[in-house]
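For reference, the structure discussed in these notes is given below.
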């Protein structure tokens, strides 16, 4: 199993853990991830406007080089995944955007959305398989009660992300079961933590994060896992709920596989 | 060559004012084959018809062209007149020189020219007309009703009362349908069971009605008046004739943990069961998915206790073949399961229920014996939030929901709210609505009563998120009139989910060759004027299978469908439209193109023997058209690549002749 | 009437968002589900309605355009596929594309930083709020 | 120059019995005029119209052919007009290939209640065809008198 891998800006700096734990786990699971040779920051937020082309280009370049390498493109950060997958969808379905983006880049073979974009969770579920993962777990996290925090970006818009049921998802819960812990289902797991306004409206970010963590705590979670550095920062820094720890799912994966 | 007579009508001055009638007669009298041409004041009048009949007799006419008003107006009149004189009615053609000429053209010269051309086209067509005979087919005097809900029950009773036999095929062990599950009915608040069960008993006791319960339609063959239907009687492992419905087996059955579908899964039943006390037929059924005896061969308790020896573990599905003259689809509906709307918490919170589930929670015969207790902790809810339009009125692109208004939810929610406030005045009830739609007799008054007399809080807005925390449902909603976002701590949330046609309907429609819309509702023959008939002859529609309806509407439509069925069964023979497709077997190459496009399933293929060269016999697969089923649309004639298929009365040659006559330079 | 005055702006917002505001049936589910409701002066359903009425100027002048969390909840849950979030973004773009209307300026950034803040937060803020 | 006769096209209209023919009747009874160049042929359903009929009309000197049927979804025979629509699409591409102006052939859905639409459509179509002039490409000169 060989994939191209797009780490994104934050995974190279503040969220090195998220990245490192995944690489270690991937190796243990026999998943080969080759980092794209040259990648640029995706912009961290999908530009929704139809007439925004320049801001979509870095995603297109990444998609294009994965295509040229003949591999599927794996992402890990929820935000990168959202941006790249939505841009890919635009390139596939919006002829106007595709034309203009291709003109900008001036590639020999225009990119028309050929690359498949996978979140690392999807690699675990659909390529490795949670059963295989379960079999490879060395230190099952028995007794841990873990809440999945999907946030907004992993699942929505569901028609494009097409990862799971946007209102009642199961992918992270199934992951939690695979590593031997007990998933905790709580209502706010797919509601926004307010990460995007953390810079200028800290109060709102705090309120939203607290609502999420309180909801998880009320259902008895001791830990909340996320795939997004901004969510992690926000829930940790602004959430301020001492009873619930917030970690990347890859950290638990590495722990369970004994490669932490 | 036909001997043709031409009759040009003045229609008073309607035609004569802008068409030079005499010139038309003069011009057409020189057309080939025309042996008689005249004009008259009013051709459709008694004396006009007499004029035509005399001319047919005197001039031995073999074809008639009437230049007059639209054939949609008087074609039948002139054809009948010709028939009285012994001329085949299909040898009469009309040239429409009123609606298409005199009424729309002001210039006499132009009008006259066009009238002549239209007359020529009609003459050219008549030359190629063939005498046609309308066939007849007998009518089997029995009706089939598919579905035993209130729609099917009402239709069956009405047909049976008129003296015809009726079979009801119901896939569940009992008739009664959704209405049997409902607690009270709007707008009068009668108890549903009190008004439904007497009708169920009437059905059971009616000598003309036969119920096939726990049965499904296997196949449908034939056509209007002559359907042959195979019915699968699923094995219920109980001999219906022996079982007395005493219920001892259901008491003794050790398998107690079967979810009770009649109570929407809120409680359990046994593996051998009678769905509810007033079930018809009152016969036990063994659920093969749960019966220990059927699964492992070890148990047999019910057989031991049954006093009449009705239990039969070896029973097999049986196929019964029956013949019918008419079939009524009454396949009903199901409420949409709102699992995809989990922002409203249905899949994850026990206390988020659908409206039909609430009916069971409020029903005296339900799991809580009529006391409203919420499912999670069996406590009495003090704050209840109703959400309207869940899954209804969605954009056509929205895969989760339905594009239509489900029609009944506004009223039943008002009913629920009112009943709760009446019985439990300490309960606060909120209803989130987009619009309150209450057209219907005494309906808006009913809804206003919920607001004004019972103090139900109606809020224009929607619920955006429901989260369960520590036993409380946190409801986040919009209040559009005050511009607020509301946060309500509720004990119970009720979703008024869209109605959707029963899943079995699609397969049944295919078997009946009855058409459906994109939502899987049966389409009617005409949206306004033939609302209870399917476009397929002999198939009728009753109840929600045709579109969302409440009980009063369903019952009216059920009776209307019955009236149509009675009208059909009252005939001994059916006259068929003679303008039907016909296949030339010598030309047919057996490709099946025609069969695929026929909307009525009128075309069948069979192997036939043909004489080949040198006294050999060839077997070829050729198409034949059942004239009783064919409606004469002509789709097959164009699909046919070999030119074997043609339409009587509108044949290729006839239409080409008209084209030539019009284009002749 | 603000119809004529704002015709060009309305056209721009509709084109750039790709939203068909006429699909809205005024159910208010977007506003019901919006996590940023308390922070906003105009709420998602009002964006739809006011764009339809041509009141872009009011929306453009309101801080509400910077309060949307881009969480896509309104888009996901709208029964009629109206996608209010795209309208909010389009109005915001309409404002920041105008010269000098950047909502976030580089010199403001240092004061906002703390040592754990992920780059992602800054990148996204610039993308959303500046030209 | 003044002697040149004004060009009047020959136009064949195939109308289905249930919708468009009734629409034509309504146009008539509402006295909504359209040029006399249009001659209607009644067919049970638009799906009865064989593309060959249309080619035949052109061959015999028609300058324009219009086919009118029930609106999609309203076909008296449930699905006939869908077949007609598909067949006409194919015919259009063939006419394109032959170099016959596509404006000479037209498909319209006109209900029994749309008398005004019937008249308007015919007026427009006659104007279009008149502007195109005589159809000479497909006309079979051997058929000329």
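Letters are used for the chains, namely A, B, C and D, taken in the order the chains are written, and counting of residues starts over at 1 for each.
Just so it is clear, contacts are C-beta pairs under 8 Å (C-beta built on N, C-alpha and C of every residue); 3 or more make two chains touch, one makes a residue touch a chain.
On a predicted model such as this, the values are computed, not experimentally measured, just so you know.
A.B. asks: Using the mean of all protein Cα atoms as the middle point, what chain has its own Cα mean nearest that point?
C.D. replies: Per-chain C-alpha centroids ranked by distance to the global centroid put B first.
A.B. asks: Tell me which has more C-beta contacts between its two chains, B-C or B-D.
C.D. replies: B-D
A.B. asks: Report, in whole Å, the distance between the mean C-alpha point of subunit C and the mean C-alpha point of subunit D.
C.D. replies: Distance between chain centres: 50 Å.
A.B. asks: Can you give the whole-Å distance between the Cα centres of subunit A and subunit D?
C.D. replies: From the centre of subunit A to the centre of subunit D is 59 Å.
A.B. asks: Please report how many Å separate the Cα centroid of subunit B from that of subunit C, as a whole number.
C.D. replies: Roughly 47 Å separates the two chain centres.
A.B. asks: Can you work out the whole-Å distance between the CA centroids of subunit B and subunit D?
C.D. replies: Here subunit B and subunit D have centroids separated by 34 Å.
A.B. asks: Could you list the positions in subunit C whose residues touch two or more of the other chains?
C.D. replies: Residues 38, 73 of subunit C each touch two or more of the other chains.
A.B. asks: Indicate the residues of subunit A shared as contacts by at least two other chains.
C.D. replies: Subunit A, residues with two or more chain partners: 191.
A.B. asks: Can you list the residues of subunit B that touch 2 or more other chains?
C.D. replies: 343, 465
A.B. asks: Which pairs of chains touch each other in this structure?
C.D. replies: Applying the touch criterion to every chain pair yields A-B, A-C, B-C, B-D.
A.B. asks: State the interface residues of subunit D toward subunit B in the complex, per the touch definition above.
C.D. replies: 10, 12, 17, 21-22, 24-25, 27-29, 31-34, 36, 39-45, 47-53, 56-57, 60-62, 73, 76-80, 83, 87, 119, 143-145
A.B. asks: Going by the contact rule at the top, pick out the subunit C residues touching subunit B in the complex.
C.D. replies: Contact set of subunit C toward subunit B: 23, 25-34, 37-38, 43, 45, 73, 77, 79-81.
A.B. asks: What residues on subunit A touch subunit B, complex-wise?
C.D. replies: 165, 167-168, 185-188, 191, 214-215, 218-219
A.B. asks: Which bits of subunit B are touching subunit D when the two form their complex?
C.D. replies: Against subunit D, the touching part of subunit B is residues 70-72, 96, 98-101, 103-107, 110-111, 113-114, 117-118, 121, 515, 517, 523, 535, 579, 597, 599, 631-635, 637-639, 647, 650, 652, 655-656, 658-660, 662-665.
A.B. asks: Of all residues in subunit C, which touch subunit A in the complex?
C.D. replies: Interface residues on subunit C, with respect to subunit A: 15-18, 35-36, 38-39, 66-67, 69-73, 75-76, 85-86, 89-90, 93, 104, 109, 112, 114, 116-125, 127-128.
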